[in-house]
Amino acid sequence: MDFSIASLGPCRIDSPFAPLVEARRTTEAYVDEGDRVLFDDTISMVAARGLPIEQLPSFEPGGPRSRIFFEPAKTRVAIVTCGGLCPGLNDVIRGLVLELTEHYGVRRIVGIRNGYQGFIARYGRDVVDLTPDAVAGINEHGGTILGTSRGEQDAGEIVDCLERLGISALFVVGGDGTMRGAINVSAEIADRGLKIAVVGVPKTIDNDIPYINQSFGFQTAFGRAAESIRTAHVEARTVPNGVGLVRLMGRHSGFIACYAALAKNDADFVLIPEVPFTLEGDRGLLAHLRKRVVERGHAVVVVAEGAGQELLETNGTDASGNRRLGDIGVHLRHRISQDFDEAGLELNLKYIDPSYTIRSVPANPYDSVYCLRLAHTAVHAAMAGRTEMVVGRWHGRFVHVPMRLAISKRNQVDPEGDLWTSVLEATGQPPNLR
Amino acid sequence: MDFSIASLGPCRIDSPFAPLVEARRTTEAYVDEGDRVLFDDTISMVAARGLPIEQLPSFEPGGPRSRIFFEPAKTRVAIVTCGGLCPGLNDVIRGLVLELTEHYGVRRIVGIRNGYQGFIARYGRDVVDLTPDAVAGINEHGGTILGTSRGEQDAGEIVDCLERLGISALFVVGGDGTMRGAINVSAEIADRGLKIAVVGVPKTIDNDIPYINQSFGFQTAFGRAAESIRTAHVEARTVPNGVGLVRLMGRHSGFIACYAALAKNDADFVLIPEVPFTLEGDRGLLAHLRKRVVERGHAVVVVAEGAGQELLETNGTDASGNRRLGDIGVHLRHRISQDFDEAGLELNLKYIDPSYTIRSVPANPYDSVYCLRLAHTAVHAAMAGRTEMVVGRWHGRFVHVPMRLAISKRNQVDPEGDLWTSVLEATGQPPNLR
Amino acid sequence: MDFSIASLGPCRIDSPFAPLVEARRTTEAYVDEGDRVLFDDTISMVAARGLPIEQLPSFEPGGPRSRIFFEPAKTRVAIVTCGGLCPGLNDVIRGLVLELTEHYGVRRIVGIRNGYQGFIARYGRDVVDLTPDAVAGINEHGGTILGTSRGEQDAGEIVDCLERLGISALFVVGGDGTMRGAINVSAEIADRGLKIAVVGVPKTIDNDIPYINQSFGFQTAFGRAAESIRTAHVEARTVPNGVGLVRLMGRHSGFIACYAALAKNDADFVLIPEVPFTLEGDRGLLAHLRKRVVERGHAVVVVAEGAGQELLETNGTDASGNRRLGDIGVHLRHRISQDFDEAGLELNLKYIDPSYTIRSVPANPYDSVYCLRLAHTAVHAAMAGRTEMVVGRWHGRFVHVPMRLAISKRNQVDPEGDLWTSVLEATGQPPNLR
Amino acid sequence: MDFSIASLGPCRIDSPFAPLVEARRTTEAYVDEGDRVLFDDTISMVAARGLPIEQLPSFEPGGPRSRIFFEPAKTRVAIVTCGGLCPGLNDVIRGLVLELTEHYGVRRIVGIRNGYQGFIARYGRDVVDLTPDAVAGINEHGGTILGTSRGEQDAGEIVDCLERLGISALFVVGGDGTMRGAINVSAEIADRGLKIAVVGVPKTIDNDIPYINQSFGFQTAFGRAAESIRTAHVEARTVPNGVGLVRLMGRHSGFIACYAALAKNDADFVLIPEVPFTLEGDRGLLAHLRKRVVERGHAVVVVAEGAGQELLETNGTDASGNRRLGDIGVHLRHRISQDFDEAGLELNLKYIDPSYTIRSVPANPYDSVYCLRLAHTAVHAAMAGRTEMVVGRWHGRFVHVPMRLAISKRNQVDPEGDLWTSVLEATGQPPNLR
């Protein structure tokens, strides 16, 4: 099935639960339930649709509704964080808890420990009571106070647990694997005829979620990654024929590599999954790198972990079901050394892989605000009875995105777009290394 | 004259100069000259226009053009920075210089010293040669290597200087006063029949430029401002009846106050120019503040410098022509002390005014990237012959905005919008302090 | 009475309590009770004493003792923090709690709220249980979790409270006023024949405690202060005739001003309490400042709050009994403006007073380690029955200093010493501004 | 030959050059040439010497002399930086240049490129003119503007180059290998009867230089290393049975590991070269680690690169002549995984090796000040004709240390001293893992 924004038109969020409860506050601006945020941003895109305006692809705007579904005093809520660490997880947890308690007056919120494992009896993990006191100051720290784990768990057992705990709304913070699990949970909930909203806050340090302009933690992450490029640059330029090689995150998308490279402008070559390259030949990376080192005395190469996979032999998947990648960083280190050696050139190569350092830091102020507002949006959505959806930001507006849409493809760097153009301009690398 | 985006329709940038030169590079993605970035972002807004799609309000997209106007080898360029400091000024200068030299091959770029004063002979300021070497690493430092000054200068003398220097393109980095000056310069250029492009990079630490989603340096600024709120919070909670009072920038717009308050969530009251308030009475600030301190033992008040001006008597304007504001921070400090005194309550008030600290820091990684890309956009625009325009970002797209439009009004926090709603939710302050 | 290190000889700590309990651990290195850390550090100083070696002025070394006085299982401990904030307070609290519980096995530790007020019934402040869980992560935050207040309280009431709580050891973290209070408490304890050890951890952001090489939080503080000097420098050099004026802490001692000025080397003049100066005349500050601005276009003046008091009229004392200082910063701002005005020179003066920002930040890694080790030393001293003493570091060794000695005078910058010489060299200011 | 401080007595710096020139300034405090800084710091140490006071082991104090040897106007100076990067190198270079030019009026200072290689003609590296302008702001950046290289070069060729350049004083910044090279250069200078002072600023990120309390860059380095431990802790505690393993610098000395572990107190085990340990058996690391993980759910192990070398097979030396170490980090990772596997325990191990990140950062404010003052001391020494010596700080005093003494042994963590005791107390690890 072609599950895309275009096929959806003005996409609606499943809300099997008719909102009947009047919201407590009356002074604030409620969202107009009939409005939609446009998917397209240029006249050419709109024109190409050939559709009446009201049928244009669009998202439901996020925000507080004048009528909500769940009666706050009777609502129990659960929060779970899954997958790898990402800056801002604690900000999201804290934002959810504060909005639920202080805005809506929800009194019982539980945290599920170590991802989906926390729902499953045999792992023996207790739930955590999440009160405003319990979340005070947690945003100062990296990681997640709830812990995480990778991998799915049985949807039936999860819903058993939700029923046992009397949960009305489940907030799931995680990546695409996690959202796939949440869809299964939603289906099980529907099968059992339960009234439990499942709302996702999409997490991906790689910024590869589609229909969402920038994922939380991304700015913090690339800021930190930029420091590694700086390190590489400092090391490279202090030694004769210094080469700094930095391997950054980015399984399918090179956003971190691109933004980090632009932040300090210390990189000479940026390699991303979206733009294939070759090592050999006159137009390959190695020849260009050698040339740069001979001319300037040093160079910095930034490579996203998912780049150049076609040059490697790999197989298998990890616990989250992600394909195991070959280690392009180690491969490049080896090949660059070999190449300089064959060319009779001295080489002082420094290899830097900052990985965990990037994922475990607290969110920067921007991401803190963004996480807070995503959390507010998620709470409003859940209280209004929306389900099987994630919150996002599209062209600066907070929106509701159907869960299936959010995992239907990946957000990637457009090799024809202005981000990649800026990278090419800033590095001076040739548009094609092949 | 009603100079607004709605009245403009698909707004064009004056380009009296027909681009005839073929751009040097051929591999990259050129901007489609016919396309436009939509001003509206919801279906309701578009529908309300009642216009054919191609007549909808819209901006010209930024980016490299396949045909440019100025022949790089013959082009001389000038850069000037004006007004107060803002994080990212050096990033913009550096981005302009690198893009001009490395992408287009422009060989002569001069920096004008101390704002518009640098054009005027009697100030006796030499110009600075801006080469890639001269701008290496300047983005590590706050401020601007060119210096600034406030206030306008005679447009005729400025154009005399541009002619004398043989300038083809002038990049002006500054606020709305500066852009007003640039419009005069453009007019003088047109009067003399010269072919000099004038392109602005709008600077405002307050984020109050319309038609531009977020101004450069803003994230750095509010991140730093958040530290002051943290300081106030730490001081307030360690003493009996502690009140932290933080005065932040924001003459007309409370964006810094709002975002900084959300970043750490330590504020109990946020006061901004867009939302009037009273001090006295049961529903005034003082009563609410007293109540909060009695209940919790401490409180933090964040006030934008332009807030509550109706409570003060002020007059006069500064060198940039801005109305002098009364000092709301000092006024609040006085009135809060008085009020606690009258109520017989102990008070330990700490007043914090971080002003310069916020303006003089280097850009954070996000703003560095943003400045670089704004600079790239500005260079592409100027080389293609665009003039009397500024570069901006609208809904995530880099765009060209007519200079007159960019100063036609101010961007302000919408008291009915989701940002202010988030602030109310995060602080718990009443929607109306009056 | 001449209470100085010289008059004390090998100074002993009052230990009315004979240590009889065998310490729990046997594997570590115990301090040799008979040894002493030398006060003198040069041969000329030692020779000038004309004393046998064993009578040379010296301190008792800190560290674990093989025999202790208090039986851990029966020991109750109280901790109180007094006076203004200083980076590292939470580190000290945490270090005390962890060492008491994990090393010695002490089970009951209470925190007293808001300084000495917390002992006094009429303020109605409950004590806080301090467990390892309660102090986990507190060192990530500035301030003190116990709160503080200024001013003394009645020693009798304090000891009443200690008796009521069954306290065996009291740790007092505070400045010289606080230590004066602690001496009174000690005297009252002795009068009542109680066995309560009173051990101080001296706190002063100004580094003005004698017989202690560097006070905790000092490095964090001057590091932060250096940022303000940087701000002043950035602002000053971007405007015509820019002068940055930075007022830093330092009532009696200019250490923060000196170190902060050296850290970035952006200052042109450093003014400290230890070195008088004049404003007027050819050799006064104003003439030199004008000259510097004319020559270089900008200048930065750093002034410690206690400098130049002879130029001001002041009176009164604050709640801690400290003499109120005149505001030298505001005075300089006024006089510099006047002076440039009279000389017909343009002036763009930026005045920066970072005060709270410096005191409320978390300790940097060095200070964290230092606080932890000071806390360890304090715990070892108290458990061994030492009382009326403070812990310090002398020439790199942790030592015990009699409380009376620690408040007998102030540590000051030596105008003939190498620190001030370095400042003169780094700023290029004349040795005498008078 | 027994080359130790004890055998030297009051150790003198070779000064074959009698200082005859009157120093320019007269207002400052000159060092008393006859005085000495005591080596011993306790009465027991002094007493044990059984020597008259004037024969006690001691250092010459650093600082300005009233009579100097080199006439500034005729003096040419060279600066070289060698070996691995260390925070503060640029601060030292800048401090040397500013002190030479602004204090003494030396007019010609050259920087030698890429360590000792820069002296050798066949490497073809030009020298760099070092003026105050050339060093402005370099301390904001990590690395060294002069570049470095590893390994010695022929002393004869180096002195040829010094003669050719007309150098009077050579400043060598580097580690023990570098100082060994400098001693050879000094010998060659003496053989040729030249008047060239050779003064060292000892560089070691490991803090392993003897007779110097703390080497420059050390505080910056361990502060950064503490962040890696924090990362490991955050990662470990978010997953079931998480183990964070952090490999830090420290070939022979565990100072960075100890201080970094104390700074955040997140480590459960610290392994250093000075304290051997076993992996196997009931008292070995693996058993203790398993126990800790089972009890708490997670643990952090910090290992200095030189620790546990007895557990590995290694051979060879690097270009600086240092023995190649086996990779204890990788070995531990492997053995811990194996061990948990055999015990049937889940394990989520995160391995972190921050290496370059720590070495390439700019100095923190403390180290900046320290570097500046070391540089001042070095300049005073050289101008006064001291040679074959390094500058250091002993018990808080800047001193001159004979070069041979500075490489006669290594500074190491004392397993019986208070630093290691604090580490044991803070981690709770057993004193003996064997």
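So that you can tell them apart, the chains are marked A, B, C and D in the order they are listed, and the count of residues begins at 1 in each.
We take it that contacts are C-beta pairs under 8 Å (C-beta built on N, C-alpha and C of every residue); 3 or more make two chains touch, one makes a residue touch a chain.
In UniProt terms the chains read A, B, C, D = ATP-dependent 6-phosphofructokinase.
Note that the structure is predicted; figures quoted are calculated from it, not measured.
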Could you quickly compare A-C and B-C and let me know which has more C-beta contacts? B-C
Among the chain pairs A-B, B-D or B-C, which one reproduces the interface of A-D, with more than half of its contact pairs identical by residue number? B-C
The distance between the C-alpha centres of subunit C and subunit D, rounded to whole Å, is 29
How big is the gap, in whole Å, between where the Cα atoms of subunit A centre and where those of subunit C centre? 46
For subunit B versus subunit C, what separation do you get between their C-alpha means, in angstrom? 42
Flagged in subunit A as touching 2+ other chains are 141
Which subunit C residues qualify as touching subunit A in the complex? 137, 140-141
Tell me, which parts of subunit C touch subunit B in their complex? 85, 114, 117, 123, 141-144, 147-149, 227-228, 230-232, 234-235, 237-240, 350, 352, 354, 356-357, 359-361
Interfacial residue positions of subunit B with respect to subunit A in the complex: 10, 25, 27-29, 32, 34-38, 40-44, 46-47, 53-54, 56, 58, 61-64, 94, 98-99, 102-103, 139, 213, 219, 222-223, 226, 259-260, 262-265, 364-366, 368-369, 372-373, 376, 395-398, 416-419, 421-422, 424-426, 428, 431-432
